[in-house]
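The first chain written gets the first letter, and so on, giving A, B, C and D; residue counts start at 1 in each chain.
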Amino acid sequence: MDKREMIGKRIAQEFKDGDYVNLGIGLPTLAVNYIPEGIRVIFQSENGMLCVGPSPDEGCEDKDMINAGGGFISELKGASFFDSALSFAIIRGGHIDATVLGALQVDAQGNLANWMIPGKMVPGMGGAMDLVTGARKVIVAMEHVDKRGNPKILKECNLPLTAKAKVSLIITDMAVIEVTPEGLVLKEIAAGITVAEVVAATEAELIVPEHPHMIGSFGQ
Amino acid sequence: MRKQISAKEAAAMIPAGSRLAIGGFLAVGAPECIIDAIVEAKTPDLHMIVIASDWEDKGVGKLIAAKQIKSAQVSHLGTNRTIQAQMNAGEIDIELVPQGTLMERVRACGAGLGGILTPTGLGTVVEEGKQILTVEGKDYILEPAICSDFALVKAWMADRMGNLVFRKTARNSNPIMAMAGKITIVEAEHIVEVGDLDPELIACPGVFVNYIVQSTEVTNG
Amino acid sequence: MDKREMIGKRIAQEFKDGDYVNLGIGLPTLAVNYIPEGIRVIFQSENGMLCVGPSPDEGCEDKDMINAGGGFISELKGASFFDSALSFAIIRGGHIDATVLGALQVDAQGNLANWMIPGKMVPGMGGAMDLVTGARKVIVAMEHVDKRGNPKILKECNLPLTAKAKVSLIITDMAVIEVTPEGLVLKEIAAGITVAEVVAATEAELIVPEHPHMIGSFGQ
Amino acid sequence: MRKQISAKEAAAMIPAGSRLAIGGFLAVGAPECIIDAIVEAKTPDLHMIVIASDWEDKGVGKLIAAKQIKSAQVSHLGTNRTIQAQMNAGEIDIELVPQGTLMERVRACGAGLGGILTPTGLGTVVEEGKQILTVEGKDYILEPAICSDFALVKAWMADRMGNLVFRKTARNSNPIMAMAGKITIVEAEHIVEVGDLDPELIACPGVFVNYIVQSTEVTNG
């Protein structure tokens, strides 16, 4: 299993039966492939739908059925369609159990930056600020370091924030880290990775328990 | 009854410098025929209120590519390099608005509200220059209503009173944008007689709609 | 034709083809019986409906179909149902062409009082404040004087207001009066009534043209 | 899946002093069975958020007649002399809220907004003690969100995920009240399997609903 698949699998373990979940574009969406048997998670697409189903087979795409990333989707039994104002009422109003988003940076206070690099990339926040503000649990899923090997888990974000102090869990290819009032707690590490390697790849201080669990072995 | 007009007639109603609230999400549910007609009409200096800037060759992306958009209130530009280049070159004035905030601000206009108090954007650049109000111990940003000269929306079906039925995720911002136009023009795939629509399915009553355009876009419905 | 029917008939002349109209409970609803041939007016019920039709025949009532006064209604072709938040978005947002309401008092500034008499009657404002605030044209329809013969059109309302300076037309059994920045203008008087009688029954100053029209003869 | 419970179990979940947002308009679309069960349970000191106080023997009027309502946010009392008498006797604390403002305040809670700015009530007693804000030269009253411990609503059909379909004017405040309860309980005339409802007809998605009660009220649908 590659890194990204491993992250997807670990995200999926965060969901309980009946959870309403919104997955960000990219890496987080891999979680849909690993929802355990017997657990039904209801996925929202913020353009205005609940009970999003998998991508349709080629040739079966419906032009009126896309997710927030523009990809074609299908509907599962129990689906509902509504306008985007109601969709964000659901999000902002605290009715979504969990959202999973990628990050450019996340820090020890649970701050998240994922929507712009000044002067370079300004895609806009889309629905991310509302999701991070409103979802009951905000999970960041990302590779632990950036393409040049630099830490993305920082003492303090220096890119423009998406929201302040909203992240509660960080899932990467190296570790699972919980954001607590005391700071970042290293809960799990990936197989074949040492605590020292995680610490070295993390700018923020990590609170390290005596025996961190291996990723996925502890579950939720 | 609402008058049926051509996409060209719709475009001709829109003067240079108009504010346009345009429905659709990544060009799904976008009024493509009306947009094409505005491109054809070369109407300049438009202000655009839209969820996303779509793709260069689809939805509002076509207006951007034709350099007809002077300014925009929008939540996402990530699928359109042209608008990002125009922004960096100072050719277009962009107010980035969180998507949920954008929907509420547009809805507020349509609903006669002056604005709403939202927690979205607190502690970020979004709050800069805005009034922060505390209600029952919690902080909120005061976000004013966004109104528009024209709303251009897309429906699956319209009856001749302008009652609209949407299809699947093509509903998205359309019923909201429709509320906020001084004049609202709908592009419908199917135009039907009054009485042909299930009254429980109408997600945008005709009271919000002024003109109907027959769409020639092919979709699945 | 009795007084109330006459008022109903005169109200109906205010509507143009295609107008969206909200009629208050009681007297204003009489207008539905006098909509001229060839004119379609779309009536809203603020609980959440457009294209309200006439009361159904006895025995044909639908328990799920009432108007804002609690009376049974029917639906016409083109009807739509929606929640009360959207219904008041339509009202407050200025999408209703005209509303017609009864009044306890109305004054020279276009102020309206119609929702409470302190210490006596406090039915609540219901939807009246939103209607008077949001409708493009606010018409007051009422008998010219109260049960004891006292004027209801005053220099200044002394009951709690429903809204400030929103009334644009007053239709009574004696006269049609327009609210203008200059004051109340007597536009029409009822057959068999003299200007002096109207002036005597009105506390507010009336601007009286040389030859007021007879009610209904001038139309809109 | 949302748990199906009896009206009696629903009433048993509601402690004395709870805040209840209750759907319906003049008792049409009111959750009569749940209301009956609360009357039976004699739960005292309730706060009620409701459009109207209904009739003495129908809708929330039954809770008023049983003297279980300590305070209320409501727009209309005209059909119920008992609540007016209780108010004049100081037995019940009434905040009269314009109907549109009430709907927006409840919706604001459900939508995570702190409140809304409305022109309704300007220049009247409604503005007393409230903050007036000026946005683009126009005055508005800041009206804070209204939240609730429980929302009690009525639907025509519910599937087992809590997706709701309403019928005609019985929709009224129900989809809005459903948004604002910490716990939302729906009383449905028909409980159907997941997949049995048209996804375009669902006016309140199950995400807002926690429990389902089978209604025994006879209506026309």
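Here is the rule we use: contacts are C-beta pairs under 8 Å (C-beta built on N, C-alpha and C of every residue); 3 or more make two chains touch, one makes a residue touch a chain.
Every value quoted in this text rests on a predicted model; they were computed, and no experiment measured them.
Engineer: Spell out the chains that contact chain A while also contacting chain C.
Structural biologist: B, D
Engineer: Among the chains here, which has the CA centroid at the largest distance from chain C's centroid?
Structural biologist: A
Engineer: Return the distance between the CA-based centres of chain A and chain D, expressed in whole Å.
Structural biologist: One centre to the other, that is 35 Å.
Engineer: Counting in whole Å, what is the centre-to-centre distance of chain B and chain D, each centre being its mean C-alpha position?
Structural biologist: Between these chains, centre-to-centre, one finds 32 Å.
Engineer: Could you give the separation in Å between the centres of chain C and chain D, each centre being the mean of its C-alpha atoms?
Structural biologist: Measuring from centre to centre gives 29 Å for this pair.
Engineer: Which positions in chain B touch two or more other chains at once?
Structural biologist: 104, 107, 111-113, 118-119, 166-168, 199-200, 203
Engineer: Where does chain A touch two or more other chains at once, residue-wise?
Structural biologist: 75, 81-82, 88-89, 91-92, 133-134
Engineer: Which two-chain combinations touch?
Structural biologist: Chains touch in the following pairs: A-B, A-D, B-C, B-D, C-D.
Engineer: With touch defined as at the start, can you tell me which chain A residues reach chain D in the complex?
Structural biologist: 18, 20, 40, 42, 44, 50-51, 75, 77-82, 86, 88-96, 133-134
Engineer: Which bits of chain B are touching chain D when the two form their complex?
Structural biologist: Within the complex, chain B touches chain D at residues 104, 108, 111-119, 131, 133, 135-136, 138, 140, 142, 144-145, 165-168, 198-201, 203.
Engineer: Can you list the residues on chain C that touch chain D in the complex?
Structural biologist: Residues 45-49, 62-67, 70, 73, 75, 81-85, 87-89, 91-92, 111, 122-130, 133-134, 160-165.
Engineer: Considering the complex alone, what residue numbers of chain B touch chain C?
Structural biologist: 1, 107, 109-113, 159, 161, 163, 179, 194-195, 199-200, 202, 205-208
Engineer: Under the stated contact criterion, what part of chain D meets chain C in this complex?
Structural biologist: Residues of chain D touching chain C: 25-26, 28-29, 51-52, 74-79, 84, 87, 96, 98-101, 103-104, 107, 118-126, 156, 166-176, 203, 219-221.
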